[in-house]
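Each of the next two complexes has subunit A plus one other chain: subunit B in the first, subunit C in the second.
Coming up: the complex of A and B.
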């Protein structure tokens, strides 16, 4: 292994872990602010560290501190097998975390003629890995529900578990249809396949090529992550918090965070298979590398505009009430953040300027393209997470029998039909 | 050396999980032991760089078999007094152990000589592509027969599970 290979694998592991783990507080915050947006209120926005609130993200860290320091409480009826009770949320959490680790967040970077994968686990069977490891998460739910010695927990866990097992069928069948279309089980090759165009003008994303399969995939992944409208494991009026009822402190937080990691992995899989992954529409990696000058100039024009708008928006909104003018700490925060953003813009502009005027900087261009793709990936990921959150706060929860009916009577036959049609078209085209 | 120690750890988990599954009196602990054993087995396949069998092991044994056994455990209330009584358990066990001991000897001799009879696998055999090529070129007929068998089993299961039509 060369030094470059080691560096790239370490960096992709770190970026992957950050994308999976650091996303949890951001997603929890986004969920609560999103709920506030939908319900016409503000959501948490006051917790701060030295006056820095970052729109309220600090609240999530405060929550984690609270959960870590909370008393480990076991109800008296959970007398035996406490170790397994503690292990159950860990199984769910680590399954969700490991499932994320095969998502490519940039195209293979070529350093000295060596193609290196930008993937935390550099394997070429990503789809199978996601399906296999993602399936382990159900075990933690079952174990937790059974060991809680509680009817609510038992009902919640068997509802969640049987729903997830049922929806694995349409999920697997729609994924098989995608595998047939892309002719690969490698996530990165899938993204590369999607960089072309269909009919000359539409980007060849899975959404365009396989609309029905994409829809089934998205619905099935909503069910797999136990999110609304498929959150049948919970029910405030009948089965309380489902399998999490008897869990306290960090054990509860593991289940809770595992749900967000699973949601994050699900959106990553959806954008990788259906929405072109890390790629800008119409622009493949080769185009980016060959004509990086033009893209650099475009980015140099766009970034100051975006930063200007963000700063104006922040200065307008970062106060207690529009009529109240004086709030020292908030003004200070807005000032510091504005200067930080301006400074970062200047640095990015300088780097892009240097790269666009030095045609020999092949390595620099490759790294810049990779960074651009990571940014595109994160933006798409956040957009899809936002979609997950808005759906949760918009739609009511389905009844349990409705969920199973949708899965078995509609999604399963639809995915079978989709698979047949795909197979016929693929064989016919070839 | 590294490979050997990983093998030893995985084998320890495999044996420990199997023993836990066999000997624990609680069904849920048995299921957990089953899970550990199956994951360790998948790890052994991964150690052989046989990526497809590794993933298939997790997908089938963990994703289907362990999950379904857990589902059964949560849906039936397993209690000690519901089990059939076994008055002469130890005697029966000794008798049956005596009965199968010749087979154990046979097993032992087979397993000892097994290592010499197998070829080393070809390059790229464990990958999905290699396995698919092998399966669909040399073994198409058995593969299709197995798929028909599975289909028949599925239809039979549905027929058994269906409610009796009202007279």
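Coming up: the complex of A and C.
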């Protein structure tokens, strides 16, 4: 292995871990603020570190501190094997985390003629890995619910288990249809396939090529992550908190965070398979590399506009109603953040300017393209996470029998039909 | 009888309803509108940002913190008749009576204390008072302190509270 290969694998591992783990507080915050804004409230926006609120993200870290310091409660019947009770949320959490590790967040970077994967786990069977590891999460849920010696917990976990069985089938069948279409089980190759166009003008995203399969995939992944409207396994109106009823403090937090990591992984899989992954629409990696100076100029124009809008939005909203009171600390925060953003913009502009006027900087261009793709990936990931959150605050929870009916009566036959049609077309075209 | 029966159409059986997706789309449109609109201008959200913004809708019937009223000559209106302490369902009013020396009346409280941690803010003391000497019209809705003793309001504090609605003196006493 060359130095470049080691560096790239370390960096992609770090970026992948950060994307998965750092997303937890952001998502928890986004969920709570999003819920607030949807319901015409503000949501948590008070917690701060030295006056810096960052819109309230600090609240998530305060929550973690609270959960760590909380009393560790164990049910009385768990006298000897407490580690089993702790193992259960760990399984769920690590399964969700590992499932994220095969998602490519940029195209293979070519350094000195060596093509290196920008994937925390550089494997070319990502789809199989995701389906294998992603399904293990429910084992932790089932273990926890069973160990709790609590009827609500057992009900919740058995609901989760049966829902997993009924939705793993349509999920797998729709993924097989995608595998047939893309002719690969490598996530990165799937994204590369999607960077072309269909019918001459539409980006060849899975959403366009396989609309029905994409729909089934999204619905099944909503069910897999136990998110609304399929959150019957923790339906608090019927079974208290489902499998989490007996869990407190950090053990609960592991389940809680595992849910968000799973949601993040599901979003990543959906955008990778259906929404073109890290690619900009219509733009393949080759185009980006070949004509990077044009893209650099376009980005140089777009970034200041975005930063200007963000700063204006921040100055307008990071304060109490100006007719009521002027809040010095929040104005100071807005000022500091504005200058930080302007500084970063200047640095990025300078780098892009240098790259656009030096055609020989192949390595620099490759790294810049990779960074651009990571940014695109993160933006898409956040948008789809926002979609997850918006769905949660829009739809009521399905009844348990309705969930099963949707899974077995509608999604399974539909995915079979979809697979059948896809197979016929693929065989016919070839 | 028949002409009074109103047949309510039952929804949910048409293909469009059973497809569920159009309904999801409509719902998402509404929530998305709220999300984006409120994120674009969070100060337009109709909530009270409490410590900075104070409520402006406290009416004169609001039962806030208690106060003891004054007579026209600014002496205490209370005659220590123990009516309020008797009426109090929470037993949180503590009165010690003493003789009144200035000839206005016979009795006055030496100590008049309300334990606001016990108080249920029912207003029975105000209704029981024959002299209009205790009122809950201060409009004060929050009381903070560092110890339990801080919440036992003594006579001086209760006399110092101002009425929020313009009536400072006892109407029953000259």
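Observations on the structure shown:
Operating definition for what follows: the second predicted complex is superposed on the first by the 423 of 430 C-alpha atoms of A that agree within 3 Å, B and C clash if a C-alpha of one lies under 4 Å from a C-alpha of the other, contacts with A are read in each partner's own complex, and residues count from 1 in each chain.
Everything below uses one rule, namely that a contact is a pair of C-beta atoms (placed from the backbone, for glycine too) under 8 Å apart; a residue touches a chain by one contact, two chains touch by 3 or more.
Small disclaimer: the values here were computed from a predicted structure and weren't measured.
After superposition onto subunit A, partners subunit B and subunit C are found to sit side by side with no clash. In the superposition on chain A, A:139 contacts subunit B only, with no contact to subunit C. Contact with subunit C, but none with subunit B, is seen for A:394 once the two complexes are overlaid on the shared chain. Contacts of A:154 after superposition: subunit B is touched, whereas subunit C is not reached. By the document's definition of touching, of the two partners only subunit B reaches A:131; subunit C does not. Of the two partner chains, subunit C is the only one that A:38 touches; subunit B does not reach it. In the superposed pair of complexes, A:90 makes contact with neither subunit B nor subunit C. Vertex at the C-alpha centre of subunit A, arms toward the centres of subunit B and subunit C: the angle is 120 degrees, rounded to a multiple of 10.
Judged by the touch definition given at the top, the superposed model places A:185 against subunit B, while subunit C stays out of reach.
When the two complexes are overlaid on their common chain A, residue A:169 makes contact with neither subunit B nor subunit C. Superposition on chain A leaves subunit B and subunit C with their closest Cα atoms 27 Å from each other. Residue overlap on subunit A between its contacts with subunit B in one complex and with subunit C in the other: absent.
Chain contact summary for the complex, subunit B toward subunit A: residues 26, 28-29, 31-32, 35, 51-52, 55, 58-59, 62-64, 66-68, 70-71, 73-75, 128. Put simply, subunit A touches subunit B in their complex at residues 80-81, 84, 123, 125, 128-129, 131-133, 135-136, 138-139, 142-143, 145-147, 154, 157-158, 161-162, 165, 168, 185. Chain contact summary for the complex, subunit A toward subunit C: residues 34, 37-42, 313, 316-317, 319-322, 324-325, 327, 390-391, 393-395. Those residues of subunit C that touch subunit A in the complex are listed here as 24, 27-28, 30-32, 34-35, 38-43, 45-47, 49, 52-53.
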